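Structures follow.
The following pair of complexes shares a single chain, subunit A, combined with subunit B in the former and subunit C in the latter.
Here is the complex of A and B:
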């Protein structure tokens, strides 16, 4: 049992084992959608490599043709019959599991950073990021935000384990560092209920802070957040 | 209601005098007044119609289909003259007839597609005027002077194309320069024809409205909107890519259908040139796209986020997949060329090909990893949200820019490898040059990755303005140094294995077709993204869409439409090319007795576009 087909099968199994079982030993498990995506890329690569030469194509596809066309007899015949029975059953089972009523919610493709409403676009923070405003902002943050977003701005507040999805980790370069200050102003002021449909407002427990904090305090907490998380807001002007 | 007064008039027996004439005249005016008022009402009503609909398909859908077909056809028609003209110049300079023949064949496809493009343009205009009268009245008010300019350009383009095509054979020899000048004019007018309507479309996304000034001043101000030139450049390059890959697909199909050896060789070579042009254009395309997105972000944060972070962000994952397939397809074709056109070299290049493939696949995996992952509730709970703590870093622009640059670098090296295959450098400095190239390539690769990783730790503006630009410049530096260096090396190189055209397996033809389909899908996809980024505005922030279709279609619905548009365009292209080549069939019958046609020998200079290697027969002659 050697040859390109066999090595491709081994490669796919190896990649699957790595993604599904080994990688979760050091980090969070990957969703099935990502595992299948990486497997598809691996399979494409294997097919490209194996079919480059005429001999390679024959070595890769030949056994499949011979097995399915009935050229090979003996135990292969029983395997072929088994495949012809099992394959439609697998397709049927897969279809059934996809269509059968279930109490599980569907896989979600939530948009984490949906577009803000027009009235929040282009707003600039009217307060400078000086030491006084940073400290003031951090104070407001400690009083109102840190229970969820954490004293280290990493989303690990004492209340964080109670939320799904968890509070945003501001230290992650994929969160507030990608956004302008006006975006944060909108998200803090209007909270989770202010999200558009694609942002799934029902998935966010962020309070609507406009009832608790003045605009001035919101702008200052933004200054404090960026400084505490060690990030900079997205701007179109370079800092002096 | 008008019956009675007319009856009175018909049965009038009153004597006609001056006073009575005046009286009856006044009565007539009075009686006609309701008719005039009614006509005026009808005119007012017609003027106040904002939208009309087509039952069944809907106004938006029909515009979507017709506009996309027109754009794809126009992309082909405007892209092909660029490389047809370059091919003609190469043929003129190198005195190789096959380039002239190829340029003519490209132009033949162009002339066949030109009328259909104009036809779809006309249909689109009628539909827009009929279905969106208010929008068109507004655009006409702003852009009318540019409409006149467009008409003049169209007339000039058509006249030049006729002269260019029909005068091909007549303008050979000492008149060739005149023909080449016509080709230059053809491209000049074609660029004009592209950029004027681009102004109308980009105005809708990023309007600049000036109330004062003359009509020309207002139109000119509206044309110079923030996204006009980024779109112009992006489309110009994309048109070359589309044209190249479609010509490649045409050659691929003709290659699969070829009967004679001569046909096989010609269409194998044409397929190679089409793929080369497509790849050549594809290399700078991501840079142009990046610039466009940057301008959109800077123009309006809301629009930028809608595209790249909002509900349209998933389109960019599909875009990554399509571009990935395109890169893989283009490289696969190069590698098939090494394995099949240069016999015996397959084993020699197996390891480098494997390395390049692994890098391409790893880059593709990063590019396709979304920022927010599709996950079930249980999976999201385990990950702590839809953002994976480790792989989530692949979801942001720093990672995407890095891998796209690496993929461009690998594809370029794939081409360099193909160019060098089957030859041994004889220059004394060859070893040093190759070592230098190896070192530069390694430094470039590492620098691109370091800048990509570093990009996570600097403010966005530093990454956008400096790091991303530096990555692009590094890749460009490699291209502009390696290309002349390789050309110099190849000039004195000894051919060890002759390149044989017409030996490619059938899957090479299919991969050319696949590349063309991917480009068409890609353009349909990004056309939808660009239009949808305006969300519920006809003209962003200026004229709101108040029709029944003032909502963004679901992504699945949109994807189905993109597929439909791609399918329809493929059918159209197949029909046009079939009609264009009907006359060739009689000419290309195999010679009597089944004897294979002899391949004419080629000159010694074989530019990169020609495959970088002489054909079989050249060396023996």
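Here is the complex of A and C:
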């Protein structure tokens, strides 16, 4: 079975496999809507190419015209009937799924690490990460932070289960390893209520620690946290 | 000239056919996409994310925590934490989970919380919290947020000792107080280490300090429970020492909307008409 129609179908399948399965091996998966858009563009392009000449148009469109108008025999006749029945049903089903009331609450796009206020950008930890400060920081962590963030720095403290969003898992490379110490200083000092609107401060159980811990203790708990979680703070590269 | 005209006709033909085919291809694919999008939540996620208050055909069991009507609706389950957000904190709370069911009849709403508490004590208590109005409120009594203007909360509080509910308001720590207009009722039954407490109220109260519950509109709810057991002469959990949750989604089910089926039939008819005219045109020998 050959012809422009067949090669266009092969092309579409190939593009879909590439976008949906091969591309995610090297980069982030594409959203489904973008894949469909690319497929629609591929189809339009392939059709323009295949129908550039009168012969091409007949080769490409002829079989479709004959199939749809019913000038066919054998199993293709049943396939045509099936298509003519299924297409309106799909449109009906699609209409229903778009309009049917959902029992799921609306999705909330909470920004997990929103931009900090300017006064907290680029602050350097005034305390060195030496053994004494690490131990002191871990002591402050055990007394104040571990009920939620866990003795293993993994967000699985005994007080964690009731909170939504859950306490951060510092061992996850997507949390404190991606952040500078000044960012942690802001988040600990001002707590959940210090978040901007995109961080949904009304949901956060993170205490506003400035009422209970001095700046010195906050800087030291940051040192203890990075050491305990086996992570390093993100730093700007040294300028030459 | 004729050639050029033929070519243009040719292009227009291809374009229109392409449009039709694209429609017919994209629709089933996007349908597959919507099926894919309803996959179950990932493992480890909490069991429930919302409280669904079902529309009841009969009367709502506003004062009966043990009514069989509660068995007819699905429950939501939420984990609880000891209150560690602000002093005085608690390291471990008695109540670890709560099961929640809700019913309304278009006039009144009843919400039943069910939770394990091994002992029945006078100071045992339970509370539901809601945001009031359009502004977001922090789950900890609507405490002040630094970068966002917050709103107040409405708290429905029940205590075993009094056997009644108190309708309360708060906007910030130490601001909680009973309202002038009391709209909430509650009744609790303890049996075999389990409390079942029903809170009820009209959906709308006309009191601007209250949450006004509009069926179909999503809002937020949070929970709190106190174990009033006496330990060494003092109550184990009181004040800020309690089991809590942060906000979860909450909605009273709206009246079923049958107009959806009208739109479905319209969609079917349009698709069938499209097919009919397409095939008729092809049969007449005219290029589409």
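Couple of notes before you dig in:
As a convention for this text, the second predicted complex is superposed on the first by the 131 of 240 C-alpha atoms of A that agree within 3 Å, B and C clash if a C-alpha of one lies under 4 Å from a C-alpha of the other, contacts with A are read in each partner's own complex, and residues count from 1 in each chain.
Here is the rule we go by: contacts are C-beta pairs under 8 Å (C-beta built on N, C-alpha and C of every residue); 3 or more make two chains touch, one makes a residue touch a chain.
The structure displayed is predicted, hence computed values, not measured ones.
In the superposed pair of complexes, A:49 makes contact with subunit B only, with no contact to subunit C.
In the superposed model, A:118 makes contact with subunit B only, not with subunit C. Legend: residue contacts after superposition of the two complexes on their common chain; A:28 is shown touching subunit B, with no touch to subunit C.
Of the two partner chains, neither subunit B nor subunit C is touched by A:6. In the superposed model, A:207 lies in contact with subunit C only, and not with subunit B.
In the superposed model, A:178 lies in contact with subunit B only, and not with subunit C. In the superposed pair of complexes, A:18 makes contact with neither subunit B nor subunit C. In the superposition on chain A, the residues of subunit A contacting both subunit B and subunit C are 32-33, 44, 48, 51, 54, 57, 104-106, 117, 164. Subunit C meets subunit A in the complex at residues 6, 10-11, 13-14, 17-18, 21-22, 24-31, 33-34, 36-37, 46, 49-50, 52, 78-82, 84-87, 89, 91-92, 96, 131, 136-140, 143-148, 150, 216, 218, 243-249, 251, 254, 257, 260, 263-272, 275, 278-279, 282-283, 287-288. Remark: subunit B residues 298, 300-303, 305-306, 309-311, 313-314, 324, 328, 332, 335-336, 339-340, 346, 353-354, 357-358, 360-361, 364-365, 368-369, 371-393, 395-398, 456-462, 465, 505, 507, 541 touch subunit A in the complex. Within the complex, the subunit A residues that touch subunit C are 32-33, 36, 39-40, 43-44, 47-48, 51, 54, 57, 61, 64-65, 68-70, 84, 87-97, 99-101, 103-106, 117, 147-148, 158-164, 190, 192-197, 200-205, 207, 212.
Only residues 23, 26-34, 37-38, 41-42, 44-45, 48-49, 51-54, 57, 104-118, 121-122, 164-166, 172-174, 177-178, 180, 182-183, 198, 232-239 of subunit A touch subunit B when the two sit together in their complex.
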